[in-house]
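Can you keep this structure in mind? I'll have questions shortly.
Letters A, B, C, D and E mark the chains in the order given here, with residues in each chain numbered from 1 onward.
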Amino acid sequence: MGFINLLTRNKKALFGLCIVGFFILTSIFAPFITEYNAAKRVTGSHVAPSQEHVLGSTRMGRDVFAQTLYGGRVSLAVGFGAGIIVVAMAVAIGITAGYFGGIIDEVLSSLMNIMLVIPQLPLLMVLAAFIGEVSPMVIAMIIGLTSWAWGARVVRSQTLAVREKEFVVAAQVLGEPSWRIILIEILPNLVSIIGASFIGSVIYAIMTQATLEFLGLGDPTSVTWGTQLFNMQKTSAIHIGAYWEVFSPIVVIACVGAGLALLNFAVDEIANPQLRSHVGLKRWKQITAQKEAEAAQEATAQQGAAS
Amino acid sequence: MSVNQANASVHDKTDIQLSVRNLCVDYITSNGDVRAVSNVSFDIGRGEVFGLAGESGCGKSTVAFSVCRLHKPPAFISAGEIIFNGKDILKFDDEQLRQYRWKESAMVFQSAMNSLNPVLTLEEQFCDVLLAHTNMTRQECIKRAGQLLEVVDIHPSRLSDYPHQFSGGMRQRLVIAIALALNAKLIIMDEPTTALDVVVQREILQKIYQLKEEFGFSILFITHDISLMVEFCDRIGIMYAGELAEVAPAKNILTKPNHPYTEGLGNAFPPLHGEKKRLVGIPGTPLNLFEVPVGCRFQARCPYVKDICRKEYCTLTEVAPGEFSACHLHKDGIVDIIALEKQPVQG
Amino acid sequence: MSNNNPIIEVKNLVKDFPINANALKKNHMRALNDVSFNLYKGRALAIVGESGSGKSTSAKIIAKMYSRTAGMVKYHGRDIDEFNHKQSLMEYRESVQMIFQDPFGSLNPTHTIFHHLARPLLLHKKVTNKADLPGRIYELLERVGLTPAKETAEKFPHQLSGGQRQRVNIARNLAVEAEIILADEPTSMLDVSIRLGVLNLMEDMKNDGISMMYITHDIATARYLAEDIGVMYVGHLVEWGEVDEVLQKPAHPYTQLLMSAVPNPEKSIHDNLEGGRKGEIPLWTPESVGCPFSGRCLQVMDKCNQALPEPKEIAPNHFVRCFLHE
Amino acid sequence: ADKATLTLVSELKPAWVRNFNPLTVTSRLATTNQFIYEPLLIVNEIKGGAVEYRLANKHYFSDDLKTVFFELKKDVKWSDGQAFNADDVVYSLGLAAAGGAFDVAGIGSKIAGVKKVDDFKVAVELSEVNTGVVSEIVRAPIVAEHIFSKQADLATFANENPVGTGPFTEVDTFTPQLYVQCRNPNYYENDKLAVDCIKMPQLANNDQLLAAAIKGDLDWTSAFIPDIDRVLVSQNKHYHYWFPAAGSASFMLNFKTPNKDNAKAFNDVNFRRAFSMALDRQAIVDIAGYGYWSVNEYPDALGDQFKAWANPDVSAKYGKYSKFNIEGAKALLKEAGYKDVDGDGFVENKDGSKIEFKILVPNGWSDFVNTVQIGVEGLQEVGINASVSTPEFSILNEKVMAADFDAQFSNYFAGPDPYMYYNTAFHSEQMDKARFGGHHNVDKELDKLIDGFNKTGDQDEKLKIVYQIQEKIGSNQTTMAAMSTNYNYQYNTKRFTGWFNESNPQARPVVWPDTPERLLHVLNLKPVK
Amino acid sequence: MGFILRRLVFYFGAFLVAVVINFFLPRMMPGDPVDAMLAQGARFTAEQIANLRLTFGVDQPLYEQFFTYLGDVFTLQLGNSTFFSNMPVSEVLANAFGWTLFLTGTATILAFMFGATLGILAAWYRGGKFDSLASPLSLVLQATPQLVFGIVVLFSLGVTWDLIPISYAYDPELTPDYTSWEFIKNVLHHAVGPIFCIFIVQLGGFLVPMRNNMINLLNEDYITMGKAKGLSNIRVMLNYGARNAILPSVTALSMALGFVVGGALVVEVIFNYQGLGSVLYNAIINRDYQLIQGQLLIMTVFMLAFNFLADVLYVFLDPRLRKGGK
């Protein structure tokens, strides 16, 4: 599709896509990359990185490399799962509010605004504590169900803008049913903001999951980047000098965040052509500089000739 | 390209305010470069109203922006000279340019709605330009601003208002007042009234004309409404696909077109009086600048197209005193286009 | 005026919009006040007037995009409110179609031209067999001069020029075989050189028996296309009738002002405006009284501020709302 | 001269709030008991319950064992100079006897009444014979009657300027981040006390404690510090530690599990024995316990603290089931008819029904979570389909008490003798009161034996009872012992000497407020010159 | 003023909803403060536990608790914190409030100032080296959890190099004295690490939107007009560009400030900073209902207050929202 095309043509997007894709692939194919079970003891405590254990081991004698790979499965799944829930809810609520307007809009907008003023992290923490045993999937659910408000707001305002477009009026005059107008006429026009909101939610979900787990509100027996951090904290890996255990999850979280951020940057550019920095701009700068240099040369030459 | 190309001017040297010579502007895009303005040359005399007309996208605004050197990144002036009062403004350095802008040539944009800064009061918008170019004190500036408002029939007490508090027509007049602030010698007006209703449009144009008479500035006037242009301008340049197709006195342009494109434009306006008949306008679509053909740029839409038009480029030449045309038909001595037998055209 | 029955009959139409509404107080503006006109088969009615005078509003009411505050709109003698059930509403939608001002906005950038034409055909069951669809679409495209049809159908709107897009819009109307077309400034955003092509296409449709309402700023094209013309000012239809009659002998001061302001190569910029002077355009509310033009009228009389003049037929099929013609 | 100030961390809190009222358990500062309010006596757990008299001189039971008498020291003064006497004790124990919120030791139901015999002798009447009750009674704080009886509401009384009998009653500095308590001018053992002041920096969590310890700011702590040799001792040569054995911790299967299929296996002693044999206790101790714990192979999970009470016969008979032995466990399962019928790698019941369960362990208890994970590794290896579940503590607690779960891992607290352990872990009356008796195996005979322990004052008798208890539990493999836990204790020799440690094991060295022995400890410290 | 009034009504409604949620949320959490003490390994007998529960009075029926709570909220009696040794919740929050405000407020305002300035520069020199580096970089930083920065900064600067303190808002040995330079220096020294972590994460949140806004604005006619007027670049950039581009960022700033009160939880926990973040964390871990409630309440109130402030500020900064003229 054109969207994909645009994405791949954008250098930042491509770079971001590569990073994210890399981590997705490595976690999917984890069993082919490492022979170790991430949840079992495979060597001694805090073994430094070596040929056998590329990223060393944890206090529990688990292979950090394997944990990081398998942890990616869960962390990314949570990120993308929560992202999907967020976007689904944001789109459903935002479009409904924006398209139907009136009292429906009033009610849904108030709901969004209230959701927005309720502090997120505490809400998540309380909910996590409430549920008691929060597996990563539960975290994804909680994040998904509590974080849609911002996206819904954006979708709503964009829907309002699109709804005013004449092609929507044309469809109405044609007698298209509302659901068709929403799904076929309006929705495709929201793709880029939905994309941005999705990526944003994924980033948020990955970060939040890591934070919750780090604070001890997750399931310590699951293997995720967050529990890796939790365990390294609990076993004072830093004091011991087991930097490999500290930095593996931190580096991958940061990398995935960076990759997604770059993607988002690019999606922004796609949604808003004015932000696109085209190849032309660079060439324009070159040509202008060149011309200025020539002019300067000419000026000195003339001066030389005159004197 | 012919170097000794005729300058579309009827003025003697001393009377020339602005002289554009072989102006070429390129847009540097990721899909390649396009020459949006190609070899455009014309002069504007002191106190003259010179009109540029043509279809959307033919490069009118690009010319206008170049004259103030306001063209933005993808646009790049690749050749030519823009001589204002004997100096080539394309060679100005930043400071010279800053001095030149507004003091020498001011600009009125298409949409007044967007050309006033929405968060500054009028007073600030008047004063910043006065303070930047003169030694006036703030007090004097405010006084001057008040006078300028009166010139355009707006009460000076409204200086402390914000742009959104004025109607569209008033805003357009406000911009004109700002353009008058420094007694600029040339005012460029890029479709200054397109967004307005006809009644307001006429009022404003009358006001501008009156001010022109009073202050004696020249005007570069851009629009695609030829009827309006004929009423308002002294001379008119017709642009097609980045080139000047024809330059002629306003009175002649519709009655005695020297270029098939001009003729087509004239035929595109249904008359207000007289017999109703089916008009055809200009067949085809405007030229895609990425696909510039060899020869004349109008060839694809021209009803009189000949072999030579497909092979040879035609420069702007004087076909009658003060009338210039870039058409091969004239080269062959055929001058009266209307007299030509028309070929049937498909819509 | 043709003596057959009107297809659309608009009578004393009034439309109020809420403005500055808040929970405590509801203010209204009157966008249309006591507007009456008819649309006939094979004829076009042009509506001219300045921005905000209510031209689009009247069209949108006919298209059932807006409800009305008062007055009557009849389609073949039936109140259009009767067309409210799924079935009958579709029938009405099938008969009344619109062409919009913005050729960029009226086609969905995410769909191909094919989709834009397939929908009306399928929705209104003009094509029941999917296999016939492409053929029918190519036929329509050819009819509006978009050749080669097959290639055009595969394009996205942004790959077409403005004129081509308006042609697609027209094709869309042709697809449902609409009886009435409400064209809201269909050419105002088009370039002079392609404007005529679209107008000619519309004229052909009219000549094929379609009834047309042509909303425009451009009096010259109104005259070119339409048989009848109505001049609107601040929600009021101030003068209407046969187009040449109205334009050659404008009776209402506002029409006169408008005519004197229209750019005309035969005139000079120095010619004075006639009939009215510049001034603020009033905000009409349900409480306002008098003639809306009284504030700017050169021949204003006392009674102009007290009551709205009733329409008067000053010549066959030439109506005016002005006390000067009492 | 400079004061000898001892820096200790007896509590982790986000801020200090000035409250020295020992009757408000949740809000009083941790240095209130013992350091301000001395106990009547201290039962030295490490020395098998040897008594160290403090405010009391002597205590003894009446012949019918239904009354305990306390004779009080006569030279004790409150820090405001008032004399300490039996009225204070009667008032204080009276509060406890009344039960309710001020019965902070939870002894109300065990005491029938408190009587003043004379100015320096008090009689505590028991509701039933209970020879172990003294250690509980002396946990009730002894407060100054002349201050406390005048307070309108003891629940809100913050006692900001405490009047006590203990060594550090004068509050010198008090900010939310730091407070200092200094020497009681009227302290009856001022000649023995070498520490002038104790300083309590506010620390919110273990990490901060560790950071402060590394910098050498702290003298006496009882924190859990992972890998202490590498983390702390190697960073600061003045630090030392001693991890004496504390309670024990065991896996247990719920005999009353609502899961019918699991119940079949859980109620089979062979299954439980195989379970026990699958536990790699050494790995648990070394990895999850950082080597601080010790392997617990007692068939009744008794733990090292009570080595002296262990019955060698029981160990000989059932000890093999408490030793890590994968092959043995497999063989035992096979022998008992558990087979992997459906080929999923895990054994099924004889009738082919599935055995599959989760072992609960509280979320946040990392060392225990790790323990269970190591345990599960072994279980899975022998073919038992167990996995870990980490619910919130309160959820776990509720489920375990209600017998609505399959398996859990729990620790036990120890008292001066094994009574507390046996009572909380195996007495059927305790099973719905706490998570300790989560196996829900009701054995009335066992109950009787446990009850009998405190019905006698005779030490040999007690040992005999314990031997019988061990036989019962051991033969039944009611729980599956994992390890003996330890007390955490770190000390800094830079400023003070006289610390208790392995070569000087005078008492439990812990500084947390539920360790009365810390009073003995502080009295033993001497500043380094 | 109608606009402000309507917002006020909304805020009051939102406040009430928040109060209700604040009441029920903590109560949905399993366990009570006694459980929390047990979970932390406290060694109580069953009897002791029963006695302890008496002191917490959690046995009223829910609806009764709710009405008591509702009354208390409006009289600012938020109860006592169990974990903070029975200190009144309002006092606990008051103590922590200042520190959080200082920490997060400073970081947010710094982030805003730097972000906005750099965003303007990036847009102005768009496509240049600075822009192509700073803009994506700041986004990347924004997408990195505070957790990561917290850990890295704490252990590199704090533990390994011992450059910054790793606990507290100031040295506990010092007595707070806000007039002494010694003390202030100490406070600043303690704040550097956490402020940096919050700052770096928030930076992108201001930089990128500011840049994008500014890029959009730079195509506006009034910017071109500013240039055409011959004004200096700085003037155009600030008075014409930034002045307009900053509008949306001001809303973002107020929102961010609204989150200040609970925003930096992770950083505060990592740096043991005695602000509201660590208070909340401890309250949740220790099932301190009253404290959680109080905290959520003031966080919401703050959010609402700053949202409201944003509304007012926006009206103040954007003359288009002000009514007036004639």
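Everything that follows uses one rule, which is that a residue touches a chain if its C-beta (ideal position, glycine included) is under 8 Å from a C-beta of that chain, and two chains touch if they have at least 3 such contacts.
Chain identities (UniProt): A, E = ABC transporter permease; B, C = ABC transporter ATP-binding protein.
What you see is a predicted model, and the numbers here were worked out from it, not measured in a lab.
J.: Hey, what chains does chain B share as contacts with chain D?
T.: In this structure, the chains that contact chain D and also chain B are A, E.
J.: Among all the other chains, which ones are in touch with both chain A (ABC transporter permease) and chain D?
T.: Correct list: E.
J.: Identify the chain pair with more contacting C-beta pairs: B-E or D-E.
T.: Contact tally favours D-E.
J.: If we define chain centres by averaging CA atoms, which chain lands farthest from chain B? Would you check?
T.: D
J.: Could you work out how far the Cα centre of chain B sits from that of chain C, in whole Å?
T.: Computed from C-alpha means, the inter-chain centre distance equals 32 Å.
J.: Can you work out the whole-Å distance between the CA centroids of chain A (ABC transporter permease) and chain E (ABC transporter permease)?
T.: Using C-alpha averages as centres, the distance is 22 Å.
J.: What is the distance, in whole Å, between the centres of chain A (ABC transporter permease) and chain B, each centre taken as the mean of its C-alpha atoms?
T.: Centre-to-centre distance between chain A (ABC transporter permease) and chain B: 49 Å.
J.: Cα centroid separation between chain C and chain E (ABC transporter permease), in whole Å?
T.: The separation of the two C-alpha centroids amounts to 55 Å.
J.: Could you list which residues of chain C touch at least two other chains?
T.: Where chain C is concerned, no single residue meets two or more other chains.
J.: For chain A (ABC transporter permease), what residues touch not just one other chain but two or more?
T.: 129, 132, 216, 233, 239, 281
J.: Mind pulling the chain D residues that touch 2 or more other chains?
T.: 207, 364, 392, 395
J.: Sort out for me which residues of chain A (ABC transporter permease) touch chain C in the complex.
T.: Within the complex, chain A (ABC transporter permease) contacts chain C at residues 165-167, 169-176, 184-185, 188-189, 191.
J.: Taking the touch rule as given, give the residues of chain A (ABC transporter permease) at its contact with chain B in the complex, in rising order.
T.: Touching chain B from chain A (ABC transporter permease) are residues 278-281, 283-284, 287-288, 295.
J.: For the complex, give me every residue of chain C touching chain A (ABC transporter permease).
T.: 63, 65, 89-90, 93-94, 96-98, 100-102, 105-111, 119-120, 123-124, 169, 172, 176
J.: Which residues of chain B touch chain A (ABC transporter permease) in the complex?
T.: 27-30, 73-74, 76, 91
J.: In their complex, what parts of chain E (ABC transporter permease) are in touch with chain D?
T.: Interface residues on chain E (ABC transporter permease), with respect to chain D: 30-33, 35-39, 42-52, 54-55, 82-87, 92, 95, 159, 166-168, 172-173, 175-176, 272, 274, 278-279, 282, 287.
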